[in-house]
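Next come the structures, one after another.
After this come two complexes, each holding chain A, first together with chain B and then together with chain C.
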Partner chain A sequence: MKMKIKRWQAVAVWKWDLPDEDDVCGICRNVFDGCCPDCKSPGDDCPLIWGQCSHVFHMHCLLKWLEQESSRGQCPMDRRPFVAASA
Partner chain B sequence: MDKGKAVDRGSNGFAPAKKPTLVIKGFKNKPKLPDDFEQTSWQKLEKAVRAIQSSQRVQDSLEELYRTVENLCLHKYSETTYTRLSQEMERQIKSVKAKLESFPPSASLAFLAEVRDAWTEHCRQMLLIRSLFLYLDRTYALQTNGIHPIWELSVDMFRTFVLTPGGATLVGSMKGLLLQITSERNGNVVSRDLLRSIVQALLDLDLYDLIFEPELLAETDRFYTEEGDRLTSEVTQAPDGGVALSHLLKRVEQRVQEESNRCTPNVGYLTPSSRRKLTQLAEAQFVKRNARALLDAGFDKLMDAKATDDLTRLYTVFNRIQCQDLLRDKFTNYTKTKGSAIVTDTTRDATLVDDLLEFKLRIDTTVSGPFRNDESFVHAAKESFERFINIRPNKPAELVAKYIDNLMRQGKGLTDQEQEGLLDRCLSLFRFIQGKDVFEAFYKRDLAKRLLLNRSSSDDAEKSMLMKLRQECGSQFTSKLEAMFKDIELSKDLATAFKATTTAQTLDVDLSVSVLAQGVWPSYPKMEVAVPEALARCTKVFADFYVGKHKGRKLDWQPALAHCTLKASFPKATKELNVSFFQTLVLLLFNENKSLSFREIQQATRLEAKELTRVMQSLALGKVRVLNKSPKSKDVSDDHLFEVNETFQHELFRVKINAIQQKETPEEQKATNTRVFEDRKHVVDAVIVRIMKSRKTLSHTELTREVFGQLKFPLDAKELKKVIEGLIDREFLRRDDKDASMFVYVA
Partner chain C sequence: MPPRSSTSAFKGPGKGRIMKEIDACRTDKEAKIKVELVDDNLSHLKGTFEGPPATPYEGGHFVVDIQIPADYPFKPPKMKFDTRIYHPNISSQTGAICLDILKDGVAWSPVYTLKTALISLQSLLQSPEPNDPQDAEVAKHFIRDRKGFEETARAWTALHAKDNPDALPAGMDISVVKSLEEMGFSRADVVKALSKAGNNADRAAEILLTGA
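The block that comes next holds the complex of A and B.
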């Protein structure tokens, strides 16, 4: 007998590639596997953003933070100017 | 005038008028009345009256007699004439009285006929006499206070002397009438014409309403009480009360029709004004007096037998006797009892949903048919379903979800419309269920499999179901389901893009990947498995492609949900096999090995023993056997051997053997339930904290009431206590120092 795979319908769950899976967003305190408080479902609709300082946030959370004048454009964790890490 | 002509009395019994002879005389003196004017005039009239009374020919013409009366009245003899006439009438009526009283006291038909004849004759005479004395009637009797017009006078005399209230003649007549009615009720034929005449006499004489009807009703009451009691005891003593109750209901209906017919003008003989009283009596004595006993003995049987006609009769009559409440309570009780028997019988879980659907349909058609959609019955049905379905927590919700899954996969050979209808009926059951979260968890789990294994029978059905669920459960639930559909769509696009890449074209496997967002899909346990080098390379190529498109992400492979199409060449046939990924891994081993033990297969695949056992059973012991097992037993042990079934044959080219993926394992079932209960604990935690945060201090009773008021799933008091203890341990709450039954919120 000879068996050969013609088609393979695989399944994978995508996750944020973070060192610690239980990490939470420094702004909203929700886990990254969930979404920011304004969104309904995690995933494409509620992306993360990495700073050059290596801090990660929900993009929606960070944008809201940066809109506030008091933020002065700083990373809320280390108070250094926030610069997104380039891909 | 010849004799022959003299016999001809004309139609009214009077002699024809004489030809008037014209005589013209000059009036010399004022004419003077002869002294015997009144005397002779009356004699002429008396002769006529007596002729009428004895049915003889009247000598003079009506015209002449009429003028005689007129002359008497014109010469102020009205009062005398009226008195003389009334004496004549009285004399005649007294002779009728004597004649009727000469009959032996009896209520016989012959006697009734005599009474009828006496009245008919009286009326005939009085009509003639009245026309004779018309002038007197008009100018005197009708104009003078304190005296009756002639017709009324005669009626009054007849009542005074012949059909006297309390007198033997009236008593006998009424008794005779009632005997005839009873006889007819007992099924005998009676002379309705005769009875109609007697009733008419009673009506004419104003004796019906006050004297006769009360007796009629008393007799009717007696008759139906007896019959009602007899039939009721047949119902309560019968081995099958349903048949006897059906019989009784038909009888009431028949009795009501009969009484109604008896009171229909020209057909029956009683007056329409008696109809309602008689039919009410029949219904009251048949049903109302024994209402509860009748329902207890027969209602459940009629429901069991789906006796639509009898139930219609039952509702109609209970409505009329204003006992709907009794009937509704009985119906509620029936629905709850039968329903909880279905729900709590754990041996019939396999057919639970079908049984409930069937039962619901039966109850609904009973309410909309026999019970005329009576609002209080609609409500009773709803309340009963809510009650009994939740007697057994969680399981009905789970089974309804699975039933719908089955429907969405197979379609069961139904048309789109039939399937829609069935889904709606499932949802109408689901509506009663308190533990909606259990349904949601199982529905979602099943939907995930349908989507990932391509098992939905129709996309349209899935979308329409999604809309129905949005209405039932709210968008919070369906937004996750919608996200699942979206992932599938995105994955299709992704697969197309991937196949277009040059690296994908170097792979010798046609790979497509469903990429799922976490938190949207049900969570799956991690399954370790050893993947051959060539396949691992494929996943690596795809993962690189994916992360290239989506920075910051990684892929977690779910081998348990994957499936493959294999090209399999057997000595006798070449087939395409639809198999799970685990089945694939096992079958690929047989490219290099003729025969392998369970232990060897497990070492090669690293599959967990329980899972591998299921896989091996599906390949060697299921309907389609691509492998042979020795020994041939159903159980699987480490040293059992497997080898390719060299004689494999199948009528189809494409053969599906991955049903095990669709099938829920006991572990999955348990995990799904556990997950729901875990989620519930978090919800209860959150609800208590929210309540206490706003109320600060609450007694145990108050807190319990508030929590149960807010929860959407059942929770028993023991569970609640555990959660509260947990919150005290975690210092969200504390007990009051003075009163241990009071809780205080710790800020």
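The block that comes next holds the complex of A and C.
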């Protein structure tokens, strides 16, 4: 029997490239593949941010922390000035 | 029915995190650190831990009052001892605590949790910092007469932090407790009402009478 494919639809999934898939954001304690508490759906709208120090957070969580005067611009993990790693 | 300041009062993004933290403490039976809800309001909790061994606090059971600010975990939880304790960095009168990680803008970080904060309190009991006192009198005693300090601290632990029916939470006045007991309420109910009323005798009486 011969078949002719007339049409096909590709579906792809993507994940954040993390050493441990079950890892959680240290600020909100939600999984990285989920989203921050203020967002409804994970993915591009609720991205992760990596620091040069290698620590990862939901971007929204980290920005909220950096907005606090008390953060003094420091990474919550190591207290060094937080500098985003360039992609 | 009176308006309830229940879970609805605390809607911050930290709400989910608090629930997770309480769950984590419940499942971790080995740490001997407990965090429990006072009522159904997620912004008011009680933490408990054991006094560290080989200290004057050994064998004691310490209760810490925890208030969660709306912007937790970006701001630290407010903690104070309910159990009266004799320690240079804790007020012997009010239970107020002097610890850098509990101060906003000093050393708090949003990656800390209630559990890590309570562990820090436990280690504060192990290593007092008399040069950065919360209670100057206790600190003086600690510096001048270490042995005498330890005796007093041990006596306070026995009196307030062990199963002692006469022990009262910090800031609670025995004469107020007695006057409410005379109205025919049990010690346990009186203590509960007074803590709910922030030690205001009139409000506590109201709570007891209305059964609120």
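The rule is short, and it goes like this: the second predicted complex is superposed on the first by the 79 of 87 C-alpha atoms of A that agree within 3 Å, B and C clash if a C-alpha of one lies under 4 Å from a C-alpha of the other, contacts with A are read in each partner's own complex, and residues count from 1 in each chain.
We adopt the following convention: contacts are C-beta pairs under 8 Å (C-beta built on N, C-alpha and C of every residue); 3 or more make two chains touch, one makes a residue touch a chain.
Here the structure is a predicted model, which means the values were calculated and not measured.
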On chain A, which partner touches more residues: chain B or chain C?
B
On the A-aligned overlay, A:Gly26 touches which partner chain: chain B = first, chain C = second, or both, or neither?
second
Taking the superposition as given, does A:Gly34 touch the first partner, chain B, the second, chain C, both, or neither?
first
Report for A:Glu69: first if it touches chain B alone, second if chain C alone, otherwise both or neither.
second
In the superposed arrangement, which partner chain does A:Ile5 touch: chain B (first), chain C (second), both, or neither?
first
Contacts for A:Pro81 in the overlay, against chain B (first) and chain C (second): which applies, first, second, both or neither?
neither
Just to be sure I read the superposition right, which of the two partners does A:Trp50 touch: chain B = first, chain C = second, or both, or neither?
first
In the complex, the residues of chain B that touch chain A are 452, 454, 476, 479-480, 483, 487, 490, 509-521, 535, 538-539, 542-543, 546-547, 550-559, 561-571, 576, 581, 584, 587-588, 590-591, 644, 646
Can you check the complex and tell me which residues of chain A touch chain B?
1-17, 33-35, 40-44, 47-48, 50, 87
Where on chain A is chain C touching in the complex?
26-30, 36-38, 61, 64-65, 68-70, 76-77, 79
Listed in rising order, the residues of chain C that touch chain A in the complex are 13-17, 20-21, 73-75, 104-106, 108-111
